[in-house]
Amino acid sequence: MAYSGEPILAADLLFRPEHSLIDQSLHSRLGEETTNGDGFGVGWYGEGTEPAVYKSIEPAWNDENLREIARQVRTPMLLAHVRTSTGTPVQRSNCHPFRHGRWLWMHNGVLHGFHEMRRELLLAVDPALFLDMEGSTDSEMLFYLALTFGLVDDPFAAVARAVGLVEEVGRTHGVENPVQMTVATTDGESLWVFRYSSERHSRSLFFSTEIATLRALHPEVEALQELGGDTRFVVSEPLRDLEGAWNEVPESSAGRVGPGGDEIRPFAPITPT
Amino acid sequence: MAYSGEPILAADLLFRPEHSLIDQSLHSRLGEETTNGDGFGVGWYGEGTEPAVYKSIEPAWNDENLREIARQVRTPMLLAHVRTSTGTPVQRSNCHPFRHGRWLWMHNGVLHGFHEMRRELLLAVDPALFLDMEGSTDSEMLFYLALTFGLVDDPFAAVARAVGLVEEVGRTHGVENPVQMTVATTDGESLWVFRYSSERHSRSLFFSTEIATLRALHPEVEALQELGGDTRFVVSEPLRDLEGAWNEVPESSAGRVGPGGDEIRPFAPITPT
Amino acid sequence: MAYSGEPILAADLLFRPEHSLIDQSLHSRLGEETTNGDGFGVGWYGEGTEPAVYKSIEPAWNDENLREIARQVRTPMLLAHVRTSTGTPVQRSNCHPFRHGRWLWMHNGVLHGFHEMRRELLLAVDPALFLDMEGSTDSEMLFYLALTFGLVDDPFAAVARAVGLVEEVGRTHGVENPVQMTVATTDGESLWVFRYSSERHSRSLFFSTEIATLRALHPEVEALQELGGDTRFVVSEPLRDLEGAWNEVPESSAGRVGPGGDEIRPFAPITPT
Amino acid sequence: MAYSGEPILAADLLFRPEHSLIDQSLHSRLGEETTNGDGFGVGWYGEGTEPAVYKSIEPAWNDENLREIARQVRTPMLLAHVRTSTGTPVQRSNCHPFRHGRWLWMHNGVLHGFHEMRRELLLAVDPALFLDMEGSTDSEMLFYLALTFGLVDDPFAAVARAVGLVEEVGRTHGVENPVQMTVATTDGESLWVFRYSSERHSRSLFFSTEIATLRALHPEVEALQELGGDTRFVVSEPLRDLEGAWNEVPESSAGRVGPGGDEIRPFAPITPT
């Protein structure tokens, strides 16, 4: 889940769903989603120029420190992630969101054949960036490939090139459809999202409708009065059944939310030449 | 889950269900049962006269140390428990099974109104035993009340008196049906089980049929050849659909499994006089 | 360690000692102090009326979440504590500071004979407060006894009565010198400190000199320019060798720091009548 | 610490030093040694062909599960290690001993310049072995380089070639003395130890004298009667002041302990050609 908008108390996003567009608390959502809960993480922008991250391999719903922190932190941009391990160890350094400089990155999905491709992909990471990698997941690898290919300057192109490389390496290892991903990444100002899979059958991704529009549609919903006008949520599944609230990101698409307007555009991998 | 029988590798009980009567691994069972997994524990008899316990508040399915240990330990009596907190903190000292001397105790269920009754129940615990209590759960309280009332000498009577006391205290606090329990407890030789609730609508409890009988019924099931002749399982739900394998403990009953024969008998609380 | 003063970044207090009166980082201090480090905790006032607490049983110096949080939190009142267990389990609910409503409490020391006195002391806690106790330490017990005796209304008298009770109970159990304590407690406005032991040989306790005075004494020390004028530190040992910076709280004394002026006064237990 | 000899209860090695040659319990030793305790691990041979490992990033002296396990496990070969991180994350996958197949490996020391050399060393690891690496430490890297160079067949030569490679790579990065190591590694039968550093100023390493000799020297020491005749300890420092008990492994040496006799020989890196 990603939030972008007016500064808001993290606890309102994570634990008081009645104050948001999400009608289940983290507690119950985690309960439902994480029969295989293999760690979680929250990243946000607050004091200082770099985002903060809070990650743990204990179940989020039992993490009393998380509840304490969430009641103390206000932020205009928050990413929250629950991990389902696809084979790599359950340890803090493998929890999302990943951070590099001002950037946060989180990923739902999997690189099929990652175990076999890992060495080759690692060699493709900029040696200067390589030193900052701490974990062993496919998701962090994709992040560092995107950073290698210019994420900071042109997120759309950088992710397209990273995905193109993974598909190329996958081909040489006989992996049919190596990439299955939905990604959210941010520099604290804008939020970029990606929905793509090699077999063109990607996991779902939704973004929320402008608050002004929703208020007009649902004048009786109190939460909408409390949320700021710039509020944007991005989620894997529309968690509240509110007519007109959720818009699906189409298959093979990418988008940007933030100052200067939102946009959605087609996404296609760029194969290395 | 409780196992009593010939010494067996703990890993075969916990992680290799194809070798047992239970047709799902701990991994998948935990996945199913523990959307609210609030800690787990394993207790067993091995070296020395006192049982060993391994408990943790991290999810069992991610606990690599548990897998390592389970492959090193052989035991004729093992109890395994996954906790769902009913309000008390998630910490090691609140995980089952609880141990006192040679005894292990685990409990599925809840003492309704425990928060209100707790002080009064605590006062009923033998002051000499009181000092050994480490946690804050209703389950440990029930164990110490049973110990206070003579668990070591007569488990049936001791649990009946403990339950009778809780119901009495509940009445004075206006709690209608204070007790909902299935309990398994052992001294390493015999295994006692209890199924009871104040409203006479208790959680289910099953024990397994004698292995010789099962082998005759299902000569084609390999696992039955590998299991020892004294094998007994006690579980909350019959996890494998094998005809004739599982027998339900009736409502308001208690039983004993072990050397000298098995028995099941009616269970009724003994009200303090 | 306790800080009271202008709002300050927690990280500056905990991890950037060059910006404070304390000349060692938490990292190195913990390294020195905690060869027996049995958990730590930080409590502070920020958003909302109740203080927040962050506690853990993992070593503070390896706690990456703590570092993240400390860089995001500004507070005018912070308590930090490293625990050395005197026998009770190492678990989050036994870590200081303890919280009740708007109050925080932390304690260095020990109630000798606590194991034997525990049941009797527990009975002396207001039954309505009893329900909020979560841990099993002597320190939390002392806090709840003080709350029982009116901490919220008159901290000096309440602690005196709590200590008096413990000494009385100790006498009946043949414990010669039951109390050894330094305590810091706060409602977010004022900070109260206590130094007392039954044998009149208490652990040391120091508070810092007014910043204006220190600036005049040490115009060359930069940290003094950055600290606010209301800054007050309370520590067990003067961690920086800066002439005139630290003042010892005398044996058998109590004090208050906060708006309306500071005061130190003799402390004597009030024996129950 | 490494133990080789007659099967012994792990608890006697780790927690009952009066029964061994080591005169401090793990508890107190850890207290002394681990002001920077960044995780610990124990590896041993028991059931099955592969060794078991128990590792944790919580302090060993608070790990109640470790105490439980140690009282249940008998083993003829045990390695125990307390980690001091030299920069890589504190997580289970970075704790010693490392395991591959039947082999265990632990390392005290550091590869200077590891951050800069890491990518190049990683490329030197056999791609088939690379997939099994889970952590990010210099110690695991050295293990996998040794495996790459034939540890299973000729431990002396394999470690010499691994060290030679690291020194070569170090030279190209301008690292003056890249290697500082004492290593213990075993296949469950024999135990190999190495003491070496590029600057020929290595950390100390000691092995214990034959028990028969020690019994003759110290007929009054009871522990010597209880220990088996094949007992061998390897430690960083002679932890008990018993005359004649400890022998230093000389600078730039390697040794083997096990069936067929012990040997110590000079150690010199083999530079890649």
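We call the chains A, B, C and D, going by the order they appear; numbering starts again at 1 in every chain.
As a working rule, a contact is a pair of C-beta atoms (placed from the backbone, for glycine too) under 8 Å apart; a residue touches a chain by one contact, two chains touch by 3 or more.
Just so we're clear, the structure is a prediction, and the values are computed from it rather than from any experiment.
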Seminar exercise, completed: Via touching chains, subunit A connects to subunit C in a minimum step count of 1
For this session: Count the smallest number of chain-to-chain hops linking subunit B with subunit D, moving only between touching chains.
Result: 1
For this session: Taking all residue numbers used at the subunit A/subunit B interface, answer same if over half belong to both copies and different if under half do.
Result: same
Exercise. When the contacting C-beta pairs are counted for A-D and for C-D, which pair yields the higher total?
Worked result: A-D
Problem set entry | Distance between the centres, which are taken as Cα means, of subunit D and subunit C, whole angstrom | 42
Exercise. So which bits of subunit B are touching at least two other chains?
Worked result: 92
Problem set entry | List of subunit B residues in touch with subunit A within their complex | 31-32, 34-38, 57-59, 61-62, 85, 90
Exercise. If you look only at subunit A, which of its residues touch subunit C in the complex?
Worked result: 9, 46-48, 52-56, 64-65, 68-69, 71-74, 92
Seminar exercise, completed: Listed in rising order, the residues of subunit B that touch subunit C in the complex are 89, 91-93, 115-116, 118-119, 122-123, 127, 130-131, 134, 136
